[in-house]
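I'd like to ask you about the structure that follows.
Labels A, B, C and D are assigned to the chains in the order they are written; within every chain, residues are numbered from 1.
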Amino acid sequence: MTSTSGSNRHSPVETAAVVAHGRVDVRDAVERVRAVAERAGVELVDEPERAQLAVSVGGDGTILRTLARLLGTGIPAIGINFGRVGFLASIAPERLEDDLARVFRGEYRTIEQPTLEAQLDGGTFVAVNDVVATSSTLGRMIELGWSIAGEDLGVVSCDGMICSTPSGSTAYNLSNGGPVLGRGLDAMAITFIAPHSLDARPLVVPRGMTVTVRNATADVSAGVLVDGHRVADMLPGGEISVFLADERSLLATLPETTFFGRYRETFTSHP
Amino acid sequence: MTSTSGSNRHSPVETAAVVAHGRVDVRDAVERVRAVAERAGVELVDEPERAQLAVSVGGDGTILRTLARLLGTGIPAIGINFGRVGFLASIAPERLEDDLARVFRGEYRTIEQPTLEAQLDGGTFVAVNDVVATSSTLGRMIELGWSIAGEDLGVVSCDGMICSTPSGSTAYNLSNGGPVLGRGLDAMAITFIAPHSLDARPLVVPRGMTVTVRNATADVSAGVLVDGHRVADMLPGGEISVFLADERSLLATLPETTFFGRYRETFTSHP
Amino acid sequence: MTSTSGSNRHSPVETAAVVAHGRVDVRDAVERVRAVAERAGVELVDEPERAQLAVSVGGDGTILRTLARLLGTGIPAIGINFGRVGFLASIAPERLEDDLARVFRGEYRTIEQPTLEAQLDGGTFVAVNDVVATSSTLGRMIELGWSIAGEDLGVVSCDGMICSTPSGSTAYNLSNGGPVLGRGLDAMAITFIAPHSLDARPLVVPRGMTVTVRNATADVSAGVLVDGHRVADMLPGGEISVFLADERSLLATLPETTFFGRYRETFTSHP
Amino acid sequence: MTSTSGSNRHSPVETAAVVAHGRVDVRDAVERVRAVAERAGVELVDEPERAQLAVSVGGDGTILRTLARLLGTGIPAIGINFGRVGFLASIAPERLEDDLARVFRGEYRTIEQPTLEAQLDGGTFVAVNDVVATSSTLGRMIELGWSIAGEDLGVVSCDGMICSTPSGSTAYNLSNGGPVLGRGLDAMAITFIAPHSLDARPLVVPRGMTVTVRNATADVSAGVLVDGHRVADMLPGGEISVFLADERSLLATLPETTFFGRYRETFTSHP
């Protein structure tokens, strides 16, 4: 089940790892994390895979990479937000010392969220937020043929297509008019980017349905992005399959951080 | 589980009921249904609750009412489309004789779909498609306070709000920019009508989450519509709760009718 | 020409009128206006038509009515915002004394803006913001046939249609997905409300083009709203014509109030 | 004035030029044009600049390039549509012989339409349809600072921004949610591509207003596309200005082809 763990208390953290490979310079913040860890008696290890908890310092991109790296390990990651948006990161920079000390004492929740698996040319990729197929040539539309659960849905002229998890629904999916998928929903949103067909609308499908996307353009290849990183190209005629994966990402947040609270803070004008 | 029944074959139908109370005059069509039934040896009964299968003759409104009436009985309804849209009705008027004969022989599928329960002032309503709260005064916006799963999400100035099942997602929800919810998804879409706040976006929540909507307008009451019919008014300060209900609607379709096929026919320009 | 008057200085105001017939109780504010007028030696008259300047106290609805009433007189109106939005009103309540004193000294600008004329059954209406044709029955879509400059554009199933001036473009038009028309644009936006046809898109037409809307619904009449007030009903078969009128509204604002500044304050998240 | 020439009749064409450099193989079509010209006694010249009329054979891209090339010459271009969309081209392939013969006899209209001028790093570009600034790195948003008529409008996180003429409004602008600008409107539409800010809305501004766009991203350059062709890059800190240009494009169409007719054929489901 996609779910929020019942408890807001965990055992005190004994080992943690700091992950900080974003674009922003966060060396000061990493030092502050080290100081909090020292005071709390938490051992910092280099490999997040050997820690009880990963502390991601950076923007949403950093925490996405950390969550992806830890898939299948059962180790959660918590984010300190030094990025622009920070929908995933629950600790604000100015509260780093207080909030991280609480987390190290065990005051955090973990949230299991669906991920996506993308299959392309024999390769397999797992996305925490989204899989995007998009024209690789500036100013050139592509034609994407698509099907769901084996049923052909025709061809759409567009700049690209987004398959998004609930976690990713508030990111690129939302910028392109896709719906917000509430936490706990075990579903994938499919949203076209700049569709030329005026009737292409965002679609939400349940676990178990595979969307297959074919590059039906004669002469433009499509880039395939997993959580914002280009991992492959889909040549004319190439095909990618995307579906909800077995693995779930494991995000840690402060106990008081809720999805809708976050949503309200981020997206509504007059909370 | 929300699901499509595994089999495309049922026992031959022995008793059926015709339901035809739409706005369009469908007396001729009803006669054609009677003739098919007679040839097939199907007994027509008056009460759909006493039939094996209800045959709805009209538009989507007619079949919605039939599905709602039959909730909990285990009796499916199939639609012959004499309306403008007919997303739910799978039999075209010009194929009435052929297709209905097939159905009477047992060639149909049944699709279980989530419904919504709305609670207001002690009253309870069940919707097959959608529950809408909307300004009852032409030209006056209302203020709707809303919360999900007990969390306050603030107040939105708008014309109204739509809570929609997957079945209803292609109806009024879609006209207001909401997403299409694929069959099999056990979820509810929440979409505002003409929100003044530019950041109000469609939201999809899973079973188990209740959305509560409060009329926060000082001086305008809001009409509450269930499947398009005004069932109550929400006075200033009044509140309605909507959630996925236990009961499921039971739509019968031709074996070859699929959700995405229907979607493609109805909404995509170049199938 | 639609334009902003070149000068930010006018002669000192000698006579003004207060207009305050909004829903909110603004008696205190009216008293504050009187006090400022007295200190400034401005005579307050009852009829805005006999004043040099009208001072509107209330929300956007109040200033709209004042602007409409003064069409053709050459008398501008300035707004003190006691409403929720206040895109038209340039004086904030807490700055009433200071700003109004400045205005009375002649420190204001006047902005000429296009208005719309609507013709229906021999009657003529002038709108400062918008003309809306909308279903008069909750939960019932209507069918609107429309043409522009005599060319038939087909029939759209929807809740209604909005014809908007640049001034009105940031109001109901925007809530329904219509574009913002910058000041100085001599054009009308046409936007459908909840169109069932997925390909109905907002359209902007220049002065000189008349849009004609016909209620093609068999059994539902449509309400016609002018600046938010229901002025007439369009029976099945009835028709309304809307075009940019000769008259222009004359809004007064503080010299430092600009359209895009207002736009930024009101609609962008991170000004 | 932006306008449609009053007359549907011109003098018979004596010299024409064929322009056909699209991606599609149109050699057969060019032969058919030659045959029609020969029968009509029309001399085909190589340089469109030396002809009375240019005949564009291909998709909308081909006719755009032809219109751009002929700016300022007073020579109109007519399109035979071998592309996918063909909003600009008024002659269908199957009617080439009949319709082109009529055109050669003088039966055509010419439509003057506004163009855009873009200034960047001392270079000047003229666009018939649109000027687009867009992230040059797949999967990376950019930050665009923008101002209109000298007024700062803040920074928008997005994939890019489109400035569009009325002619271009039905192209990429429409795919990104921008409004349709009716023929005759002397205005520019400004629409963001995948804005992260939920409140960024399409805007229409009149002639005389310059929009300035600055690449406020620290580390991603933006491609600048003119009518779909990348003409330059906007480095971090770089700036581009776009405004309605003095020159107008001169599109020839069949007398019976109207903007709204075209619009209806292309975009409405049930014409």
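Just so we're on the same page, contacts are C-beta pairs under 8 Å (C-beta built on N, C-alpha and C of every residue); 3 or more make two chains touch, one makes a residue touch a chain.
Keep in mind it's a predicted model, so treat the numbers as computed, not measured.
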Those chains which touch chain B and also touch chain A: C, D
Each chain counted as touching chain B and chain C at once: A, D
Between A-D and A-C, the pair with more C-beta contacts: A-D
Shared interface numbering between chain D and chain C [over half = same, under half = different]: same
Interchain centroid distance [CA atoms averaged], chain A/chain C, Å: 44
Centre-of-Cα separation between chain D and chain C, whole angstrom: 33
Inter-chain centre distance, chain A versus chain D - centres from mean C-alpha coordinates, in Å: 38
Touching two or more other chains - residues of chain B: 174, 177, 198-199, 201, 267, 269
Arrangement of touching chains [line / ring / star / complete / other]: complete
Complex contacts: residues of chain D adjacent to chain A: 23, 84-85, 132, 134, 136, 138-140, 157-159, 172, 174-177, 193-196, 198-199, 219, 223, 225, 228-230, 267, 269
Complex interface listing, chain C residues touching chain D: 2, 148-149, 151-156, 174, 177-182, 184-187, 189, 197-206, 208-209, 258, 260-261, 263-264, 267-271
Contacting residues of chain A [partner chain C, same complex]: 198-199, 201, 269
